[in-house]
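Next up: the structures, one after another.
Both complexes shown next keep subunit A, but they swap its partner, so subunit B is in the first and subunit C is in the second.
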Partner chain A sequence: MKIKSLLLVICSSLLLTGCWDERLLKDAYLVYTMGMDKEGDEVAINIYVPPFDQFHTEGSSIYQVGRTIRDARYIANSKSAENIDYSKLQLIMMGEDLAKEDIYFYLDALYRNPHNNLSARLAVVEGKAGDLLHKPLATQKNTTEYFTGLIRSAEFVSLMPKMSLQYACTLLFDPGQDLYLPYLAFDEQTNRGEVSGIALFNDKKFTGTVLSQEQATLFNLINNKLGNVVRLTRKYKEKEEPETGNYMTIETTMGKAKIKIENNATLATTIKIQIKAVVTEYAPLVPDEKAMREVEEWWTKEIKKDAEELVGIMQEAKSDGFGIGRKVAAFHPQHWDEKTWKDKYAELPVIVEVDFKLIGTGLID
Partner chain B sequence: MDKDKRINQDKKIIEMVSIPELFKEVSFFLGNTQDFIKRDISVDEGEAFCMYIETLVDRERLEELLEWFQRSMWEVGEVATTSDFQIIKADSSINDIGLRIVKGEAVLWILNDNGWTGFSLICPLNRFRAIEEPKNEQVVRGSHAGFNESVLTNINQIRSKMRSKNLVVRYLTIGKETNSTCVLIYLDNIANQMVVEEYIMRVQAIDSDMAFSIGYIEEFIEDNSWSPFPQFLNTERPDRVAANLAEGRIALMMEGSPTALIGPVNFFAFYQSPDDYNGRFLVGTFYRLLRILSFVIAVFLPALYIAVIGFHFEILPDDLALPARRAVEGVPYRPIVEALLLELTIELIREAGIRLPNPIGQTIGIVGGLVIGDAVVNAGLISNLMIIVVALTAISSFVVPSVEMNTTVRILRFPFMLLASGFGFYGIAIGLMLLTIHLVKLESLRSPYLTPLAPFHISSLKDMFIRMPSWLQNKRPPGASPIDKKRQGDSRWWKNEREK
Partner chain C sequence: MNAKNEITGWQLFFIIVQTQIGIAILAMPTDISKVAKHDAWISMLLAGLLIQLVLLTYFFLLMKYPENTYFDMIEKCLGKFIGRTIAVLYLAYFMYVMVISLNGFEQVITSWIFEETPKWVVLLLYIIPAVYLARESVVILARFKMLISFLIPVLVFSLFWVYLSNPQYLYLFPIGGTGTDSIIKGVQPAIFALIGFEAFLFFGSYVKRDKAKNLKIASFGTLFVTVFYIFVIVTTQIFFYVDEMIIVPYPVLYIMKALEFTVVQRIDLIFLTIWMMIACSSFTSYLFLGANTLGRVFNQEKHTKMVYLIIIIVYGISFFPETETEVAEWTDLLMKISILFSIAIPFVILLISLFKKKNRKEQSA
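Let's turn to the complex of A and B:
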């Protein structure tokens, strides 16, 4: 009897209405790429959906302006036959103008949705994101695959560390470290997009300063966030013929850096860079001890010079991508003040020490 | 039963005065069946005749026996009882005689001045299949012998595998009409007496008028008939029975059924195959793990797929999301309808394959599978991902080395599919919880069904998901609560000896 009444209760509860959270994949319009731009006081989104069948090489896109991101998305939904779904979002591209404002206001909608893909990549675009998305590209891939692939390959060659939506949030709210994102540009000559460097942020706003590709590699090295391949190419000699012969390329097998901060009011900072490298391209190289020492010394100087320049640029932009502030807060809390830190950071005396070792010439005697 | 019959069956042979009267009475007892035959024979000692049911008796053998009987010099009362030959007392009732005849004996009576003298000539007509490998339990290596319909042959097979003084056979008769012989086999020194008694009690408690087969009996004696899980292990392999007896389990067999019903068993026994032990342990372990995996796939894969496609597609890897989206593009039904449609098709093909004669069965399987599979995708009714999922599930469900567990697994996935289509992963989790609760609570002959896991026995984990080398399994699994827990000592002492 007890069981019977219990069964009755359970069965009748099935008749109660409620909302059914079914989301059918076949009804979803999977957005892979989204571009965000400022359009006056409003925000414009470009959502990009890859092609669903083999007969189309290009997917479809929707452009929509709205008060907020959610608003724009909501209106965009009324223009699409399916339900626009952002759970497989791969790449969020932000126009320069938009990024120069507090970007958290625009990312808020993404963080709130539990279905959202937190490993989506973020990027800042030179000019407008919408323009880049709609440029005809010289590639066989569709727009989405292309731009996501672009960032992946930049991560592979250490141009950019992995920066997901999730990790970006940590940095956005960390007073001791600043966000940095890949900077996408369009190369008119080859009709392709490129990761032209790293966009530096101060707090939640893009500073406008972009590190070049060479600086970006060094930046990742100091941040201890290297990809699979790290290559550096510099002009080693002046008068070789042909011109290519003057340049030397090295590939580092091991590269790491340590940041030390002295415990006094000046917070004198030392960045120690350790590199072990193999020469991978330089035709005139003679593999003897003396020449090797010379190459080592030259690279030591070169990297020291570049690193100091890099630090200078970052201090000028007041962008603390290395997380020096976090170290100060952790190890020397008496000198840490969240409010004045950025000004202090800009004036910080930084010394770069480089320990460069050539462990191979890439040649066989 | 009417009055005439009751009077008839209690009549004693001595009360009869003539041969025709005796025949008439027995014939009446047997309902005047027309295959009941009387045959007069001539002996010196008086009038003699033989009666039997012609459809139960081996005629050639009967002639031989009668010939020998007539030729031999014998004196009444001095004929020894042999295996073919038994003396029947004259004060037996018609009932006794009738039962002998129904069993297939030919009854011979001599009437002279000393009264009735009776003999029973045992010459039953035995028509049995040869010993062949059971079709549903084939192995690659090891014995290819299987049981047949004769219980004597079957016991003989077991006994010749274990020539032990402790092997005990108990005869039980069940079925008020069918009078079927059941035999209970166990090892006296290992099997727990309480379990044996429980088993016997349950078999004897069956009050059915008939018992066709062991499968019919199983329903009467299992602990929980409402459970989808089989609580007795059915096998047609003598080696499997012998191995289980050696672990303290008890086997029940029945005349006319080539199957032994082994209990108490646990869930994992259904995933053990003689092949595991016939090969080396690494191979055995690999295939054991594969079978456990097949259980998971067969029960949960369609449900998982439905839940992902219908609720949680964000968990698809980035590179898979787009192909998956392409696959379901344009499918008119929701995933549950898709899945049920295809699952039912596969079940139909399977069922048709059993009924059809062998060569056609295979053709139907291939034609049905390929043609329907291809056409259904081309027609856009079902996505090709669903075909992959259902095909994989179907293959996995046939991996189980036990037919009943195989059916269980196939049935079990339907509730999971429904739950997944209603509530997504949440539904699957609820279902899994209910399934676990049920499995933990289930018993086989009052021993826990999920035994090495719950209650937990670390030493029998050696023969559960994995199979450790046989010489390491020194203890018997505790599932059947054997009296003698130790299975073996150190068989490889020479290894340590040599290293010293």
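Let's turn to the complex of A and C:
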């Protein structure tokens, strides 16, 4: 009896093998990076696959034009010996021209497919995504690993907060806050790609405005989305020799911001920035209390000036990356109108207040 | 009746919880949000309170006829013929719930994991454990439900991730901004999500000792489910913007899909595995009830054979709705008739029983 039931168990375990939905790794062409561009009225995709063993340094890629992303993918499949699989997709790069249109149309396929990885990163590329992907890079990593790593290090140094495919979708749908994505460019001098700033969106379209790296850090600070390291370097003095001596670098240990909106028709907005920082590089030294106070005052003014400029740029681009609209909709619903909000936002009176504290100067004064 | 057919208050508590939490938990936040927008949780709260009142009806009924099952009560109140007819109607209702449950399960599985696996296989795999369990006595059923209830905290904890990552509390504001009309309209899908509370009425007759005290314990079952559902709704709403949520049919799974850990990438698949057991347990309750009702109609002491009979019929019927729209239509119908069977009929029976009591008193006087 026991042997019989044992046999039954063993036999029935044969039924456990998947039949209909098996996807074998050996038949899969795992795409890590995808670039999307506009090619006339059609869409071009560049899909990149990492090298499949240690003897290859470069992976392979396919370029394909189609009417929709899915269409291009199907055609691409007919050119590959394996089945192209997007479930491990890590980075989606969008060319500038494509991003300037409603990007949801291009991302739809990614949200619809259950196999897709929703924590993949998104980026806008200066010029064409395909061009950047085919540039010879001065790096030991292969193309797919390199660009994903680039985004991750931008997250580490607070250039760009983590923007997953999923969170981007939420922002695309939310009328009270706009999307922002890392902006990738190619640096001719070093033959490397770089995250040169943050691309601002208005509703679902790229505005063409890009925040510089310095502005991006400040942007993330006001958004309360800082990474592990936040460094700011500014010119503190004029006449020191060598030139480096004029600059001071600080590292913030705490940086946060609060946005307050007055409850009246003008919706006067105040952005309160709080920073606690440590001087990490400044050769001419900060000798005493008085000098420390001076440094604090100077940084307060500097950050205030930069923040005001940043807000100005964003208002001009009609890009509400701080989610001011969301706060208006939540707390002052009587002044909230989804249709006219962007025009109102562009004219919004914004005051910046900065509270800067120097809490240390490193190991030396 | 022997002692084997008896359950405690806590066992009843878990039977109710496990009958209520079924297929609905995945789609429920979307269904309610379609109507009540960001105030969906208020609708759920109202629905929960309403159900608590309905439970009061059940409680009175069960206390009035402590020795009888629900169908005995109907026969006592309305006579044998009408009683039988109503029992047959209930049987049809249970079978309809089972058909909907099977189709809901199949939809989740095919759209989320096994796209290619045919319907009959998915359904069969769902049915086998349910039959195995429903054949047994109510005590075994209750023990099983208590055993798998520890999975609910697992679900809760996995959802806590949302609060740690990027919660958008502002999406819940302004509270009540959708308007009273929409909130009240949202109560209907909310009640539908809570369906299964009628288990109190049917399984309540198995509670024999300390009836009043034990039934009170069990009545917290629905309260527990309501609170759990409110938690799920709030969690999904601070993760998705309302407009986005409406296009996401299974928001809870979508959240899990967007999760990213170092080792495990697709938490949603693990979540689904846990959920399957809970959904199947809800299905089992109905199968058990259906088999018992059928046994009653045929005057059979044992319900084991009835289980096979019912499951064959249900399995057959569940192939009729083929497309997603058809399943949605069938589900809409269930929404309406469930209110009739779980709220209207018990209420009428209670009224009649009160009236009868008066009659008897008059006669004896």
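What we mean here is this: the second predicted complex is superposed on the first by the 342 of 365 C-alpha atoms of A that agree within 3 Å, B and C clash if a C-alpha of one lies under 4 Å from a C-alpha of the other, contacts with A are read in each partner's own complex, and residues count from 1 in each chain.
Throughout what follows, a contact is a pair of C-beta atoms (placed from the backbone, for glycine too) under 8 Å apart; a residue touches a chain by one contact, two chains touch by 3 or more.
Please read these numbers as outputs of a predicted model, since none were measured by experiment.
Look at A:C169: by the touch rule set out above, it reaches subunit C but stays clear of subunit B. With both structures placed on the common chain, the touch criterion links A:D21 to subunit B and to subunit C.
Note on subunit A: of its two partners subunit C and subunit B, the one contacting more of its residues is C.
In the superposition on chain A, A:L118 makes contact with subunit C only, not with subunit B.
By the touch criterion defined above, A:T244 reaches neither subunit B nor subunit C. Of the two partner chains, neither subunit B nor subunit C is touched by A:N224. With both structures placed on the common chain, the touch criterion links A:T253 to neither subunit B nor subunit C. When both complexes are overlaid on chain A, the residue A:R326 reaches subunit C alone and has no touch with subunit B. Looking at subunit A, you'll find residues 21, 117 touch subunit B in one structure and subunit C in the other. Those residues of subunit B whose C-beta lies close enough to touch subunit A in the complex are 308-311, 313-314, 316, 318, 321-322, 324-326, 328-331, 334-335, 424. If you check the complex, the residues on subunit A that touch subunit B are 21-26, 28, 30, 32, 50, 52-54, 87-88, 90, 115-117.
Across the complex, subunit C is touched by residues 19-21, 114, 117-119, 164-167, 169-174, 176, 323, 326-327, 329-331, 333 of subunit A. In the complex of the two chains, the subunit C residues touching subunit A come out as 111-118, 121, 166, 168, 170-171, 173-174, 177, 239-241, 243-244, 254, 257-260, 265.
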